[in-house]
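Listed after this line are the structures, all set down as structure tokens.
Shared between the two complexes below is chain A, which has chain B as its partner in the first and chain C in the second.
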Partner chain A sequence: MASTADYKDRQFLAVIGDEDSVTGLLLAGIGHVTDPPDSQKNFLVVDNKTETSAIEAAFESFTEQRKDIGIVLINQHIADKIRHRIDTYTAAFPTVLEIPSKEHPYDPEKDSVLRRVRRLFGE
Partner chain B sequence: MSGAGDREAVFPTRQSLGLMKSKLKGAETGHSLLKRKSEALTKRFREITRRIDEAKRKMGRVMQVAAFSLAEVSYAVGGDIGYQIQESARQARFRLRTKQENVSGVLLPAFESYQTEGNNDFGLTGLGKGGQQVQRCRETYARAVETLVELASLQTAFVILDEVIKVVNRRVNAIEHVIIPRTENTIKYINSELDELDREEFYRLKKVANKKQRDTAAADAELKKKMEAEDKENAGSGGGQAADILAENEDDDVIF
Partner chain C sequence: MEEMGDIDHLLEQYLHLLHEYTSLRAELNKLQAGIYQNLARANFAAERGMRYGQDQYDDRMQASRRVVALPSSSSSARPTFEVVKVEGSDTAAAAEASVSKSDEAVASEVQGTIREEEGDKKEEEEVKDSLAKETKPKSSEPKAKKTIDPLRWFGLITPMPLRQAQAQSFQAVEDIVPKLVSINAEMAEVEIEVRRARKKRAKAEAAARKSEDMASKEEITA
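Coming up: the complex of A and B.
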């Protein structure tokens, strides 16, 4: 269970997504770069050339290392690439949320949480 | 005797019987309380799952609209603005606040989004052309993110509730299927042992009483016989007895 101190200072969102999704979400104003010297971005743009290991590293940094992120948004087709990581991720904070992207319509069957919902209700 | 069945290792005394009885009562109270808690949580859980399902579908639509407005922007601006925006992001305008909600003793956190005033990283985006589209796109995306935040808090509540319900149900089952039967077994065992002791004690007392009765009867009979014999002798020979005494045993000589 999450303790109280665990989520008090989580006030940012993080994004792992393709260029369009990230651009749109940044326009909404969620982008944040921490103060120098270690300026860390809270977003990662993934294109065809991005290595899976880089996505995993970003996911790990957003979910485990940084303590100021409350929600991690990840495009569903990118989540598919690191599906095993997403499925084994069960902590409450930060919440991992799969979002649709422009080219890839949303498929509720793949979503790790929705799959749990379905399994619980035996559908 | 209830040697069979799982029971606690206690001595069968009245004191431990009392202890076990109060323990059983406590376990039953706890069981009903936990059961009610689990039911309340499950009710909440079902509501949340239903809302998640709805919210996920809504998210699909909202994100579609948002993506479309972004396409409008790149058409109006006439080029890719992605790079420019990624480079100019500095301070988050859109932030989260967490608050707690209490559902039968379980603290469920909920996210709430708010926008900080006064800092705008993208003031110059679309300055040349397409500024209106950029503005609209920002509003659309802000609404989309609000939906996402709502969904995220539902999802967090879902994860936490799922875990808590599992724990509570495990406890309910443990009390129902392990602790209560075991305590009942122990009580049965102590009762049967105490009964056994009672029976033994009763039997022993009966034996003692029997023996006492027999002894008294025998003593009575002997006394009676003796008295009868005495009576007969007294009645039969009156003076002979004194003569007998003299004749029977001569006194030893007394030597000084």
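Coming up: the complex of A and C.
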């Protein structure tokens, strides 16, 4: 069970996405860079050259290492690259939410929430 | 029989949540599509070589929208999420101004060009004001960091589509995302309850079968 202490410091949204997705969300003012010397960003811009290991490292940093992230937004097509990590992630905090990207519209088949629904109804 | 009713009730509740989840999803998809379209329009109209993207991000950015997890009103341990504007920063006001401006713009796109000019003038004034404020001697909190409206990363005069994208992004981040996340948590909670109720029912059924067997055996021996 999650205690209040688990989530009261989790005040940032983090994003893992392609450039347009990150730009769009940062426009709303969710971007944050911590004080130097760490200067940790709460977003990762993923392009064709980004290694899957870098995506996985960012996901791990946002979900496990950092204690100040409350919600992780990730493009669905990027989540596909680390699907095993997403599907086995069960912690309540931070919450992971898959979002569509420009070139990859939202696919309900891949949505982890709807997959849970199917499992509950025994499909 | 009672457990059956419990499970039905939980499943009904679950389906309501699912319905809400899917409609919020649809809304988020629409907003995201709008954001991408507006960004594309801004990039299309931009000067050669200019792209509204990561090259212009401010490396010292501070979040002006933050997550607040409120303890849930029900007995469950999962909190409900909200995304709020950080109070006491310059940006809060500036950001709000640009939202209302953008909203206006969406409402009357026909008069777009005139309004854009007006808007730009206003914004220039706003920026001048904020610059004036910045040059003033620092107050009692010298280290209080200012959050800057992300639009400013891309210049003083930003194109209309970019401002529209920002307005849509505000809506997605402040309104839809926290609701989706809260519903997701609530659904997970109900799933656990359903599984628990099913287990209880299975146990009760097994116990009933056992006692039936015992009874029939006793009959045979008698």
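List of remarks:
Methods note: the second predicted complex is superposed on the first by the 121 of 123 C-alpha atoms of A that agree within 3 Å, B and C clash if a C-alpha of one lies under 4 Å from a C-alpha of the other, contacts with A are read in each partner's own complex, and residues count from 1 in each chain.
Operating definition for what follows: a contact is a pair of C-beta atoms (placed from the backbone, for glycine too) under 8 Å apart; a residue touches a chain by one contact, two chains touch by 3 or more.
Because the structure is predicted, anything quoted here is derived from the model rather than measured.
In this superposed model built on chain A, chain B and chain C take up the same space, so to speak, and clash. The intersection of chain A residues touching chain B with those touching chain C, taken from the two complexes, comprises 1-2, 4, 7-8, 10-13, 19-33, 42, 45, 70-71, 73, 92-93, 95, 97, 99-102, 105-106, 108, 111, 113, 116-117, 120.
Those residues of chain B lying in contact with chain A across their complex are 49, 52-53, 56-57, 59-60, 63-64, 66-67, 70-71, 81-82, 85-86, 89-98, 100, 107, 109, 111, 115, 121-122, 125, 134, 137-138, 141-142, 144-145, 148-149, 151-153, 155-156, 158-160, 162-164.
Within the complex, the chain A residues that touch chain C are 1-4, 7-8, 10-13, 19-33, 39, 42, 45, 70-71, 73, 92-93, 95, 97, 99-102, 105-106, 108, 111, 113, 116-117, 120. Those residues of chain C that touch chain A in the complex are listed here as 14, 18, 21-22, 25, 28-29, 32-33, 35-36, 39-40, 52-54, 57, 59-69, 71, 77-79, 81, 83, 85, 91, 95, 147, 149-151, 162, 165-166, 168-170, 172-174, 177-178, 180-181, 184-185, 187-188, 191, 194-195. Chain A contributes residues 1-2, 4, 7-8, 10-13, 19-33, 41-43, 45, 70-71, 73, 90-93, 95, 97, 99-102, 105-106, 108, 111, 113-114, 116-117, 120-121 to its touches with chain B in the complex.
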